[in-house]
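Taking it in order: structure first as structure tokens, then the write-up.
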Amino acid sequence: MAKVEFLGPINRESIHVDIKNLNDLKEMFKHDNELVEWLEICAVAVNDTLVSSIDIKIGKSDKISLLPPVCGG
Amino acid sequence: MAKVEFLGPINRESIHVDIKNLNDLKEMFKHDNELVEWLEICAVAVNDTLVSSIDIKIGKSDKISLLPPVCGG
Amino acid sequence: MELHRGPLNVDEITNRWYGKLKDKNYGAYIPFIGIVRDENKISGLSFDIYEPILNSWFKAWQEKAKNKDSYLLMAHSIGDVPNHCSSYMSAVASPHRVEALKMISSFVEDFKVSAPIWKYDLINKERVYAKKRSTALKGAGLLK
Amino acid sequence: MELHRGPLNVDEITNRWYGKLKDKNYGAYIPFIGIVRDENKISGLSFDIYEPILNSWFKAWQEKAKNKDSYLLMAHSIGDVPNHCSSYMSAVASPHRVEALKMISSFVEDFKVSAPIWKYDLINKERVYAKKRSTALKGAGLLK
């Protein structure tokens, strides 16, 4: 199953999900009220590369990361 | 008498001159062939302030400095 | 690129970086040092970092620098950094000053909006996410 | 503003400057370090400085900096500086990074064209005025 990790201030344990693409993940999260406000502002990386298409295919060993707004320095 | 100093690469001893304004100095230097090429590129300071008018009056205790092109750092 | 737990030792890092670069025939060397300001009643800042994406972001910048015969350095804190201490340093070395000045500026600005680092205010010993001062990454909102 | 005979001791100056500033609640500190490049067959550079005008030029910049809650520092060599040594350092400390990045850039650029400092290449132990790389000061040619 693909791994989903929630980075920085989202402060949630990673989960494992059985999905075919990012759209499936979007569907899965739709009713997670706590997560909804994060989803609006989070970028998404697949295997540590930021992605911009919801149709990207997800395999069993892929890692998906949710990245909230950043502020280094 | 006013003092004239030649800064940096001009490499000349200071001189003292009896002049009323910078125009007098210009006249005085006109036939100094060695100096002519410096005059074209030198800025002029009176009492350590850069000046832009040839008509500036010069008193006995004033100091005139010729400043060639600069390159610090 | 180096990450340190807690505040950066500015003197040690500055001197080590300069020692590494000074004989390499760069004409201009510009470090940038970020210091935690005492403001908004904080006692300090705290940082989380996602290293894999930070590393690839930095590598891409190092390539850009290399194409201009330049070299980049960076250090950042993980965890808590008290007021008046440094949490972030970066530096550029270039053959000439114009390139170096341009690059340190564009590097630091891109760092602020692209580096996967999360900042928290330390208030009454609690970590409060600095959401208002943060910038959404490119492509944010994909799953909304 | 400090002038040193021969090369600058970069580590000593960097550490001293940072020590002086770090508790003053500046958020960004940017030193600029100029290093003599081994090029054009020189063994080093040499400098003449006219201090009275350099001092008033620097004072005017310090005022400008003060108006933006910032602070400027500068060090320069007098006389000979061998290749791979530093002849020029400056630094700005500001509350925030954007101002600091802007100011170090405009300060260094104005320094190059306004500071009354003359540069010579050291070639075969002779001082050769770096005329081609020099910039005429404002109002140049008044007596021509």
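We call the chains A, B, C and D, going by the order they appear; numbering starts again at 1 in every chain.
We take it that contacts are C-beta pairs under 8 Å (C-beta built on N, C-alpha and C of every residue); 3 or more make two chains touch, one makes a residue touch a chain.
Values in this document were obtained by computation on a predicted structure and should not be read as measured data.
Chemist: Stepping chain to touching chain, what's the minimum from chain A to chain D?
Modeler: 2
Chemist: By mean C-alpha position, what chain is farthest away from chain D?
Modeler: A
Chemist: Between chain B and chain D, what is the separation of their C-alpha centroids in Å?
Modeler: Taking the average C-alpha coordinate of chain B and of chain D, the gap between them is 25 Å.
Chemist: Using CA atom averages as chain centres, what separation in Å is found between chain B and chain C?
Modeler: 50
Chemist: Take the average of all CA coordinates in chain A, do the same for chain B, and state the distance between these two points in whole angstrom.
Modeler: So the centre of chain A lies 72 Å away from the centre of chain B.
Chemist: Listing for chain C: what residues touch at least two other chains?
Modeler: 34, 97, 108, 112
Chemist: Two or more other chains in contact with one residue: find those residues in chain B.
Modeler: 73 - these are the residues of chain B that touch more than one other chain.
Chemist: Which two-chain combinations qualify as touching?
Modeler: Touching chain pairs, listed by label, are A-C, B-D, C-D.
Chemist: In the complex of these two chains, what residues of chain C are touching chain A?
Modeler: Within the complex, chain C contacts chain A at residues 34, 47-50, 52-53, 56, 76, 87-88, 108, 111-120, 129-131, 133-144.
Chemist: Quick one: which bits of chain B touch chain D in the complex? Just the residue numbers, please.
Modeler: 7-9, 22, 25-26, 29, 36, 39-45, 48-54, 65-73
Chemist: Spell out the residues on chain C that touch chain D in their complex, using ranges where they run on.
Modeler: 10-11, 14-15, 18, 22-23, 25-39, 84-86, 95, 97, 100-101, 104-105, 108-109, 112
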